[in-house]
Each structure stands twice: as structure tokens, then as C-alpha cells.
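Next come the structures, one after another.
In what follows, subunit A forms one complex with subunit B and a second complex with subunit C.
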Partner chain A sequence: MTNWVEVCAADEIDEEDVIRFDHEGRTFAVYRSPDDQFFATDGLCTHEKIHLADGLVMDDIIECPKHNGRFSYKTGEAKGAPVCVNLKTYAVKVEAGSVFISLA
Partner chain B sequence: MLHIVIIGAGECGARAAFALREKGFDGQITLVGAEEHLPYERPPLSKEALLHGLEPKLVSDAARYADAGIAVLTGLSVESIDPAGKTVQLSNGDSLPYDRLLLTMGARPRPFPGLSGTIHRIRTLRTHDDTVAIRAGLQPGKHLAIIGGGFIGLELAATARKLGAQVTLLEGLPRILSRGVPDEIAGVVAARHQAEGVEILCGVKIQSLEESRDEVKVHFEDGRTMAADLIVVGIGAIPNVELARDAGLTIDNGIAVDEHLQTSVPDIFAAGDCCSFPLAHYDGRRLRLEAWRNAQDQGALAAANLLGAGEAMSALPWFWSDQYDLTLQIAGLADGATQTIRRDTADGAFILFHLDAGGRLIAASGIGTGNAIARDIRLAEMMIAAGVRPDPVALAAAQTKLKSLLAA
Partner chain C sequence: MNATTTKRDYSLLGRDAQAAVESGLAAAEWYHTDIPRKQMKELMRREDGPAIRDTILWLASMVALGGFGILFWGSWWCVPFFLIYGVLYGSASDSRWHECGHGTAFKTRWMNDAVYEIACFMIMRNPVTWRWSHTRHHTDTVIVGRDPEIAVMRPPDLIRILLNFFGILDSSYAMIDMVRNAAGVISAEEKTFIPGQEQPRAIRIARIWLAIYIATSALAITMGSILPLMLIGLPRLYGAWHHVMTGLLQHGGLADNVIDHRLNSRSVYMNPVSRFIYWNMNYHVEHHMFPMVPYHALPQLHEMIKHDLPAPNTSIIDGYREMIPAFLRQLRNEDYFLKRELPPTAKPYRDEFQAEPIAAE
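Here is the complex of A and B:
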């Protein structure tokens, strides 16, 4: 069963930006792409446990604030050193102006 | 089959080895390293690894080298290079032929002048083994004297305080971090260390260090002495150039390379802490960096150019340091700045933007807790690269999004 959890209002995330979302002891990063779609990944970098929401979104890339490791936030793919472990991604939907992510 | 040999199995050598494969090289790769460990990251050595006594944080585990077909020879050093015969001589007596050679031998700590003999209580910090030895001497209440108020000394001071040691930091110049860090930021760092109980003594002239069985003494030029349980000397690093020099390569504050990281011998490239290179963005000025991301960037670039890509170095200098919960980041080179603009962001964090006489952004330095300044420094770096002349008023205003100035 899909467990949709409300994150925030859609307009609380700027285009080409990211916010941090904490829920039941876990932390996520929720993104809005330049073409106005929403995505979600685990909140912490896989290199060291650093909050990706402090990083920079460029196109479909989230760049970690600590050592500039890069991931595609759409697929979670680690884009090369120093990050080599992919990020987990989560389904996202927007309903009635609110963003929801799906936590299994 | 083409054989590429990489001398020096640190951050840079390891990155280069993997980058060769990522770029499709299917010849032979041998990475030779003097240390017993597989390549590991040095930044934790003065931070978490020292605090928690961690094992080396490997750049990659053994399986990934094996999968990529990279032969790593650890615990072996290269003793000489024969550029004419295209071989390197190893410390176990073997000689290894190469087609192309990459030098990533890094740097070693500058020793305190005049020290010799067996020294236990006077150490430097560069390797995992150094961290293990220093940690063993840092029980609560022990007195650590650090010589040198640079990044390594300061990070060590912060970690030593967390471990409960008493810390005195001795700096010969009038302030800490005088190399490349603006006054305002150095002031924040110094104040924090003092608040955490570190005694910082600037402008001190040390005459000699003396080790006895139970302690070590610092003798100052003014006749005073100070006793400590352990001294760590952090007065800079010397690039490992001897192999290259003996092989006839040009040396200029490091193994001299051109913008392609090629040395004065065409088949030999150099990268990372051991090389000096011209940086086009700053009028081709020659510099040598001791910085983690530079080691990564140059490792990847050297790999491309070993395969004939002919790409020029374009990455800008970028550095970070962590002390307590503060992180400092610097992008670019501030030396030529004539104007500095301060932008205060949340919770005491701030960024200094350094502009040249023509109003061009040439560097940015920031400090704050956690990653408070990271995103803005990264955007500033992109603005520097793009040669932007930002509006100083907009820069100073925290509500202006830097992204909007980048696009301008």
C-alpha cells in the first residue's frame, strides 16, 4: 500500500530548488525542477551524511554542499567521485496545491 | 598494450586511475603507493578519524580496483624514473616499464628546522599513521602544543579540545590563517577557538624544541619555555618533487606542468599537491594548491590528457575547512582584490566577495555553522568562472538570490 505523506504546499519550493523534509526520524530532499516537476530522494548524501537540501540544484542535478558530489535527483544516480553510491528516490505527486511523497 | 603507471596512491592518483577507465582506456594501469593502505582521504585525518579513531576512509575498496583492472602496489615506493628508457625503479628491486607516466606524489609536512634523531613527542600530521600516533597522545588533560596556525593546526586544535586535551597553538605571525584567509574570517575562527578553551599565542618566536622521556619543551627566543606532552608541527608542506627533479623534469615550486598538466617531458604528467600549474583565469599565474577538490579535478584532467584529450585546466581553486561546527569555504584567489563586499546570511554566517579594480568577482570566502554558506560559495564560484561583474549592492543583500546575479 502506498503511503502518501504531505510535504508542503507546492509554492513553498522554488523552481530549480530543494527543501529538506523530516518525517518520523527520516530525512528527505524534495526538489522542484526547472520544468516544474517535483521529485524526492533520501535527504543525506551517500558520501558523508550531509543534508543535500543545503546543496545547489542545477537542471536535474543536486550537488552536495560539502564536497560537490553530484546526483541526478530524478533517478538518484551518483554522477561520479566522490559519490559512488546512488540515492534512493521516492515517488511524488501534487494534489490540490500540495506536494506528497510516497513512503513504502 | 599501452601501460600507464601512476606514482603516488593518494586521492589524486586513485581518481586518475578510475578516470582513465571511465574515459574508456583499456590498457594496463598500475598505481604505486608508498603507504601500506589503499588510497584514502586525508581530510578526515584531522577531523572525524582523529576524533573517533576511525580506520582510513578508502577512496574505493579493493574490489573496485580489481573490477576496474587497476593494479595497486601498496607499500612500495618508486626510487627513480628513467625517462629515456621509460622505466621506473621500485623499492623492491623491480623495474616497471611504462608508456605514459603520471606523478601524483603529493606533499609532505615541512619539518621543524633543526630536529633530528628519534622523536616521539614531536609529530606532524599527513598520514593515517600520524593520526593514530597523535590520537594515542591525546587523552583528556594532556597538554598539546601545536606549532602553526594554518588549517591543519586549527582543525587539530578543535578535535583535540573535543578529546579533552589542553591545547596551546603557537603562531609566528601576528594572526592565524594569514595565508589566503581574510582577516574577518580568521577573526571568527580565532574567537571560536578561544571560546572553546584553546590558548592562541601569535607572534611567538620559537628557538628550539627539546624532547625528554616524559615531556617536550618549547624554548622561545625571549628565554621563556613551555612544557607539553605532545607537539604537533603544522607549518606547511613541501611538494614531493625529488624523483622528478632527479629525472631532469622542470621544478618550480612543485613539478612544473603546463595547462594540460604535462611536465617538461611529454610522456610524463603531474597532478595534485606535487605540481605547480598556470591558471588561465588568473592571468596564467602559476600556483600550487594543497586542496582536496583540486586533487580530484586534476586527477581526472590528467587522465583525460594522458589519453590525448588536450584539455586545459579550468577548475577554480576551492577549499573547505571544518572546525567545531563551523565550516569555512573559499573559492578563487583573493590576492588581486581591491574591494570586499560582505553579505550576512542567517545565524552569524557571512560571505565576503572579493572584487578586482574592474568590478569582476575574483574570489569568495565564507564561514558559518554547518553548510550555511556552501550554496552561496558554490554560486559565487560559478560567477567567478563566468567573469561576472555583480552589482555590489545586490551582492550585499542577503535577500538577493545569487542565482539571479549569475544569470545577469
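Here is the complex of A and C:
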């Protein structure tokens, strides 16, 4: 069964940006793409556990702020050194102006 | 000699490496100056323009200077052209390798990668090995036993430092590493920071480079002249002095085993020529604190956070005036270091893992 968890109001995330969302001891990164879609991944870089929400969103890429490792935040794919392990992604929906992620 | 002097073990597989992991110094959470997200995004924003301009200027200058060097070869007139060519080859490549390795110089990925590969060849740093070693350098900056890029270990080996102004030891070790990698051997230390899936590429690149150096040497023998090597290979020696001069200032004489870049890194105001060659890495505290900020935005970042940082050294000479005496004192007491004083506007250093004040002055 899908467990939708409210993250924030949609307008709290700028276009082409990311925010950190902590929930029940876990941390996530929630993104708003340049074409106004929302995505979510695990919040920590798979390389050295740095918060991705402090990184840079460029098109469909999130770049880790510590070592510049790059992932597609849409698919979680690691795009090359120094990141080698993909990010886990989560389904996202927007309802009544709020962003929800699926933690099922 | 201080009776309590701590002998450091810089091996990545040694006593201090294990101690750093056990104490929490390895992969620790480092201090950052607070910057609002909107301003940080502006600073991190990528552009192609500045790096395209600088790269055209860099490579076109090398072509022109190398051309004049060839034209005047055999006369003393070639000397000034090769001296400048050498600095662009053997020193500017250091900063290009570095900045493109971070992926911040250009917005366009393939441009970063292309300049990274060219610069790595010039500076004789395997692009795979050094990408990973530099990753570790940023994770564990000047943590003994963890950071593979500590330029001046304690007690300082002054002869080694002097020889490296002419690239003698660094390039010798680079050649040995290249031949070893080309033979398919990745060392135990390299294996501590290069993931297994990346190691075959390190070997492949070493083989390509070895072929280039063999071809250049063969051409030199055929021509009965060192001219080909003056253009490829030797500039890493005769043009290394500038990158060593600026590189030593990055961390030399400062604290080790701390988790605040304000204590172990040095920012230095420099002349515009050195800043072009060095691609603004003179703002080194700023770079370590925020490696996502491209070189061309570092002056802006410096202005934004300088209230929270120790005052920069006012010139290269000023930096050496404090660093050389510190090296000399470290010969007698390797626990000695220069403690960076913070301005009243700065957040104080945290207590945890900070250097022992007794050893500082």
C-alpha cells in the first residue's frame, strides 16, 4: 500500500532547485525541475553521505556539494566518478498545492 | 627537540590512517560559513564563457610560444619563449587539471573532460588516480594518514621541496607510476581510493601516455635534438616552479588533523598573472569550504565570507615570510604549526578535533 507523506507546499521549492526533507530518521532530497515537475531521491550522496540538498541542480542533474558527483535525479543514475552507486528514487505527486512522496 | 613531539605516519595504510578512522577525523563534518541558499546557487552557477576564454588564451599562447621556441631553436632567443611556454605547460596545467576535475570550470561536461585529460597529461597525473586522490583530499584535507595530497609532510623535507620547484622528484615518481600502471599494476595505496571498476581505465591511460613519451623520445633521437622533448615532457620540469610556488602556500605550515579549513588552508592575494596561471586557487580556504563554486566566482565568494575567515596573506612573498620560518621550526618540532587568527566577526573555531594551542604560535 502506498504511503504518501506530505513534504511541503509546491511553491516552497524553486524551479531547478532542491530541498532537504527529513522524515522518521530518514533524509530525502525533493527536486523541482526546470519544466516544473517534482522528483525525490534519497537525501545523501551514495559516495560519502553528503546531503544532496546543498548541491546544485542543473537540468535533470543533481551535483553533490562535496565532490561534485553527479546523478540524474529523475532516474537516480550515477553519472560517473566519483559516484558509482545509483540513488534510490521515490514517486512524487502534487495535490492541492502540496508535494507528497511515496515511502511505501 | 620537544619530548612529546608526535611522529606522524603519512602512509594511507598506516597507524595514523587507522587512528583517524577510529577517532572520527576521517570523513568528518567540516565547518562551513553560512551562506543563504539563493546566494549560494548564484555562486555555484556554471558558465562556459570564462573558461572558454581562458582556455583559448592558454592553448593559443602555448602554440605561439612553442612556435617561436622552435623558430629560434639553436639561439638564446628561444629561451624566453620556452620559459613562458614551460610555465603554461608545467604550471597552468596544474590548476586546469584541478578545476576541470571538480567539473566546475565549464558548464558543458565534455569541455571539462577534454581540458581535464589534456591538463592531466601535461602535469603527469593519471586522470583516474588523481581524480580519486583529490576526492580524498577534499574529504580529509590534511588529515594525516588519510590525505594522499599533503605536499609538505612533517618534518618538512626541504630538499624535496626545492627539487620539486623543477619538477624533479614529482615527475620521476610520475614516470615510475606511469610505467607501473602501464604494466597493469595498481599499488596497494592506490587501491585504497580508486574503486575497482575505475582501475582498468587508469591502466589504459598509462599505456597511451607511455606510447606518447616513447614516440616523442624516438623522434628526439631520430632528430638528434631534444627539441621534441622541450615541447612535450620537459616543460613539466622547467615550467613547474610556479605551480609549486603557489601550491605550497595552500596548506604549508598550517595545522593538520583539524576539521575546519580556516585552520589548515591559506588564502593569499596574488597578482593577476599568477591568478590566471593558478585559476584563482589563491582563494584556497574558500575553495575547500565550497568546492562547487567555479574558479571565476571565487573572488565574489571571498568578498561574501571574508568576515568569517582569517585575513588572507597580502602577497605570495608575505605567505612565504610566514611559511618558511614555520617549516624551519617544524624541523625541530613537527607539532609546530601556524595558528590562523580569526577576525572578531567570525564564528569561533569548534573545540572538537582542533589543533593543540600549545604547539601553535
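By definition in this document, the second predicted complex is superposed on the first by the 104 of 104 C-alpha atoms of A that agree within 3 Å, B and C clash if a C-alpha of one lies under 4 Å from a C-alpha of the other, contacts with A are read in each partner's own complex, and residues count from 1 in each chain.
The rule we apply is simple: a contact is a pair of C-beta atoms (placed from the backbone, for glycine too) under 8 Å apart; a residue touches a chain by one contact, two chains touch by 3 or more.
No experiment lies behind these values; they were computed from the predicted model shown.
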| item | value |
| --- | --- |
| Fit-or-clash call for subunit B and subunit C when the two complexes are aligned on subunit A | clash |
| First (subunit B), second (subunit C), both or neither touched by A:H51 | first |
| Partner chain(s) touched by A:C84 [first = subunit B, second = subunit C, both, neither] | both |
| Partner chain(s) touched by A:R70 [first = subunit B, second = subunit C, both, neither] | second |
| Partner chain in contact with A:R26 - subunit B first, subunit C second, else both or neither | neither |
| Touching partner for A:K93 - first (subunit B), second (subunit C), both, neither | neither |
| Intersection of the subunit A residues that touch subunit B with those that touch subunit C | 54-56, 63, 65-68, 81-82, 84 |
| Touching residues (chain side subunit A, partner subunit C) in the complex | 17, 47-49, 54-56, 58, 63, 65-68, 70, 81-82, 84 |
| Footprint of subunit B on subunit A - complex, ascending | 16, 50-51, 54-56, 63, 65-68, 80-82, 84 |
| Interface residues, subunit B side, partner subunit A - complex | 15, 18, 22, 41, 59-60, 64, 292-293, 296, 300, 318, 320, 370-372, 374-375, 378-379, 403 |
| For the subunit C and subunit A complex, residues of the former touching the latter | 27, 37, 40-41, 44-46, 102-104, 107, 128, 131-132, 135, 138-139, 195, 197-198, 290-292 |
